[in-house]
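Okay, so subunit A shows up in both of these, paired with subunit B first and subunit C after.
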Partner chain A sequence: MNKARTNPFNTLAMHGALIFYTLIALFPVFVILINSFKTRKAIFREPLALPDADSFSMVGYQTVMKQGDFFLYFQNSMIVTVGSLFLVLLFGAMAAYALSEYRFRGNMIMGLYLALGIMIPIRIGTVAILEMMVATGLVNTLWALILVYTAQGLPLAVFILSEFMRQVSDDLKNAGRIDGLSEYTIFFRLVLPLVRPAMATVAVFNMIPIWNDLWFPLILAPAEEVKTLTLGSQVFIGQFVTDWNAVLSALSMAILPVLILYVIFSRQLIRGITSGAVK
Partner chain B sequence: MTALTLTNVNKTFGKVHVLKDISLEVEDGEFVVFVGPSGCGKSTLLRVIAGLEDASSGEVRIGGDLVNTTPPSKRGIAMVFQSYALYPHLTVRGNMTLALKQERQPKSVIEDRVAKASRMLDLTSYLDRYPSELSGGQRQRVAIGRAIVREPKLFLFDEPLSNLDAALRMNTRIEIANLHRQLAASMIYVTHDQTEAMTLADKIVVLRDGRVEQIGSPMELYNNPANQFVAGFLGSPSMNFLPGDLLQGGDERTIGIRPEDLFLSDTGALTAQVSHVEQLGGDTNVIAHVQDHQITARLFGQHAIEAGDTVRLGFDPAKTYAFDRDGQRVSPT
Partner chain C sequence: MHRARIRWHIAVFLAPAVLIYSAVMIFPLFNTLRLALYSKVDQERVFVGLQNFQTLFFDPIWSEQFWNALGNNFWFFIVHMLVQNPIGIALAAILSHPRLRFAALYRSAIFIPTIMSFVIVGFAWKLILSPIWGIAPSMLDAVGLKSLFAPWLGKEEYALTTLALISVWQFVGIPMMLIYAALLSIPEEILEAGEVDGITGASAFWKIKLPLILPSIGIISILTFVGNFNAFDLIYAAQGALAGPDFSTDILGTFMYRTFFGFQLQLGDPHMGSAIAGAMFAIILIGVCIYLFGIQTRMRRYQL
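On to the complex of A and B.
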């Protein structure tokens, strides 16, 4: 056993630093949560106080429920996030497999071309994207968002996944070929389960920006029936008056689903990060 | 009938010529070993036979059928890999039955074959375990079992023992030899280990730089090597090579003497400075220098020789091999 690891002082310092960082990271979430349960006056009088019998109020949540179709927004966000993630993972993994497994002319160039997207922010192309969506009649549909987010997520997905796919044993794939499995079966049944940690990593990296995005929903799908949660919450923020109760309540509710998805993926994620180091 | 016929097989990767004009035949029921140093193309040749790589030119026939364009699963072969390559998400039974299910064999046939193979390989009590719950030797047996259940025309082994430790390697070697006897199947076995080649093979194919150097039974190759490479590659410790000049002036040939053909003799032709002695109990390996040339003598029994001693070594001129400057065998006189 490493001596530095067993030294109680080091252990204490290490845990201290980690706990300190955790507190800093969780503080804003905590403030949002407690204030979403307080009256407007209480929010401004003592922002850091916990809600008590006096200041407790559900008015924010009531406003959110009454105004706008909150569940519809919620559903839209969910469809867009899950749909984009599914497409990013599916196409990203397939492209990565092709690049890492097959020798063909232009393999290298293709890999570089796909990775180039990591360096160029997709928002630069917003105007062109908008024109394209108008031309294809996709404006104000969830498909517009799903397509854009898929494009946005693919470069990193291909880059990370192809690196991991190269590590999958050739013998295993060849054993599958000799046993008469099709290339698709080899991909879905042998290779994908082995790169699951990498898939989880890609999913988490993509999920949070998509869920939180305001830019593309505002430009491509601002209509009432396709609003996402982030865009929907903006109705409570006005130029002159902001309904803080409602904003904080909406945010509190918006945090939950990502949190749940994150917990699902994070077990895999930890293995993804350490898999290179340990083995 | 021949199990496998290769005719002028070539393989190039871009500009690299990996296999050069390889022609050979494997008879039915024969155990053929491809042996050679790493990078000699033996694994590539096996992959061409399996159909995992396409031959750039030449013909591959398995059981008389031309299979150049046949996918691996339809060639009637089964392969055992160095890294076992078991499917991690399937149990032992699942690993063994997958190919048969792909072929849509009836359930009763699958059951029969699995039962037979697992009895043969002593795997019956492990059928419901996953590969991660097995030891290295057991995994290798599962990999072999996966090949057996397919009842292929031709077994291909790609260095199956190199991931096992020494004791297990010997056991598994014997097991594979027994298996070959029981199944009477044609097998091709790739290895870089000349001991495995000598002990298992009916016929050895020695490869170097993508070329066949010599084909023959182990004793043919040992007693009658065609060139200096084959002579040096087979046999352990490997053959000693001395310039002919050293033994008789003006001789340009290289003379090869096997370590076991050297013996201690007061009138021996070679005077050698001992640099190291390996006492193995049954044998003694003496590593010594004749002028600048290192030679190894394998002496039977135990000898009290130490590093630094000077010994005289004799040999029977009839048991020497002579090679010309290109390494080709020439007559000893």
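On to the complex of A and C.
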């Protein structure tokens, strides 16, 4: 290509800017992680040094393991996230199929109705949601969270998935119909496998906000046995404010699962965003 | 031929999503707006019309808190617009440069803060900025700026801006990604045509790319607006429900939580909480309408 766009000085400046910002982005995470493996003395004496033989200590992790029920919290977060994602994907895909495949009266209005929720945050309705969950006895159960996150995720899921379903070839579906397949079979056996990439995008988009949410666990499910990891670490850290080892270890333990998920799914996530799913 | 038959499968496909969405999102939303018109008198729910809103806007005890929270919320939003979005656009512009090496690596690394929970982000920064631990002061010392250090999160005049910047730090990945995607979708021919006319480098960015990505900047602005006006988690995680010091970091989300749930000496009041939710709803609706009818329709979209 031409020279105007690849001047070595420019390249250097660009890498410099990017490295500088990457350091800003990663520095806090790095500091938390390295200090969680140090003795209390070393944390304060040399906060930026890596742990060595002298300063290495797992005492923070021991406190966390003894005091907090992190495995339970992790399990709760897992159940809520996977459960909500499953329902968002299943129901979202079904509704998206109905809207994109069939022409019926009210199609357009139904689409607009479902799209309302993309811009309006569900938190506005919290007071009435809590009242409803209390009335139905769902408060302090994981179902309350799953239902809320499903409702929250559906609008964008329907929007993205119906865009993709419009691209599935009509010939394929009609061939299925001629072979005598029911509409349900066509949807589950022919269409769903074809929109799998879009489903993965929707899943990854929804996963992070659900996993990280603090508001609804705090309000709908604050009981010990249904605490999510985010709420659990918030409460734990609040109690152990002065125990720096424990706080740093709890933070690291909260960072790790997300970081692992990110390493696994980052490609999918970035491809999803950059393929213009949210345009 | 099929006109008389009801196509049940359409209803079956739509029903679960529509039911859950209506029951858990739309119905509570309107129910909350309805609850804002009631009040509790002697353990009974009484219809009071717009009285709660009158209290919220004009009663000195409430209105002071409300306008404080609203003002803080606007400042929170302005910091995001002035810092987060320009940095995001700049990073995206660099990343989208053709033949930049390690672009994927930078992109993934810069996005990491965005995936972490507010609890982690809030506490991590609280520890780093803490004068007890001394990471921030000693780093400033290393570049000879130690005199600039102050316990930012503990000072009324700095706390809100500091929190807004922490939030910017966390979410800069989102505008970066969206703008990056928009920049990649600009066809090479347009840029080459510009080059033929002598428009390269920075001027290609300002004169060709920026006008083409304006719609994406509009989307980012409205996403930022909606996100900021129902923000809660970061302030709660870093400063607690009282949004200290002395309510200087109080925004609508924390104000609603305190009012609705009660905190320490204050009793919870679902009806005033609903009134605040109603105000938030109105603000978000106004913002979205300004975007949809005022900005989006006037923006020129180029057919690429």
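Following the convention adopted for this analysis, the second predicted complex is superposed on the first by the 210 of 279 C-alpha atoms of A that agree within 3 Å, B and C clash if a C-alpha of one lies under 4 Å from a C-alpha of the other, contacts with A are read in each partner's own complex, and residues count from 1 in each chain.
By our rule, a residue touches a chain if its C-beta (ideal position, glycine included) is under 8 Å from a C-beta of that chain, and two chains touch if they have at least 3 such contacts.
Predicted, not measured: the structure shown is a model, and the values here were computed from it.
Judged by the touch definition given at the top, the superposed model places A:Ala25 against subunit C, while subunit B stays out of reach.
Put simply, more of the residues of subunit A are touched by C, taking subunit B and subunit C as the two choices. In the superposition on chain A, contact of A:Ala175 is made with subunit B only, not with subunit C.
When the two complexes are overlaid on their common chain A, residue A:Val134 makes contact with neither subunit B nor subunit C. Within the superposed three-chain model, A:Trp215 lies in touch with subunit C and out of touch with subunit B [touch as defined at top].
When the two complexes are overlaid on their common chain A, residue A:Ile260 makes contact with neither subunit B nor subunit C. Applying the stated contact rule after C-alpha superposition, one finds that A:Ala223 touches neither subunit B nor subunit C.
Of the two partner chains, subunit C is the only one touched by A:Ile237; subunit B is not. Looking at the shared chain after the overlay, A:Ala49 reaches neither subunit B nor subunit C.
In the overlay built on the shared chain, the residue A:Pro193 is in contact with subunit B alone; subunit C does not reach it. Contacts of subunit A with subunit B, set against its contacts with subunit C after fitting on chain A, share not one residue. The residues of subunit A lying in touch with subunit C in their complex are 1-2, 4-6, 10-11, 14-15, 17-19, 21-22, 24-26, 28-29, 31-32, 43-44, 47-48, 87, 90-92, 94-95, 97-99, 102, 104, 110, 113-114, 116-117, 119-132, 147-148, 150-152, 154-155, 158, 182-184, 187, 208, 211-215, 218-219, 230, 233-234, 237, 244, 247-248, 251, 254-255, 258-259, 261-262, 266, 269-270, 273-276, 278-279. Those residues of subunit B whose C-beta lies close enough to touch subunit A in the complex are 47, 50-52, 71-74, 77-79, 81-89, 98-99, 102-103, 146, 158.
Within the complex, the subunit A residues that touch subunit B are 169, 171-172, 174-181, 189-190, 193-194. Of all residues in subunit C, only 7, 9-10, 12-14, 16-18, 20-21, 23-29, 31-32, 35, 87, 90-91, 94-95, 97-100, 102, 104, 106-121, 123-125, 127-128, 133-135, 138, 169, 172, 177-178, 180-181, 184-185, 195, 200-201, 216, 219, 222, 226, 230, 232-233, 236-237, 253, 256-257, 260-261, 270, 273-274, 277, 280-281, 284-285, 288 touch subunit A in the complex they form.
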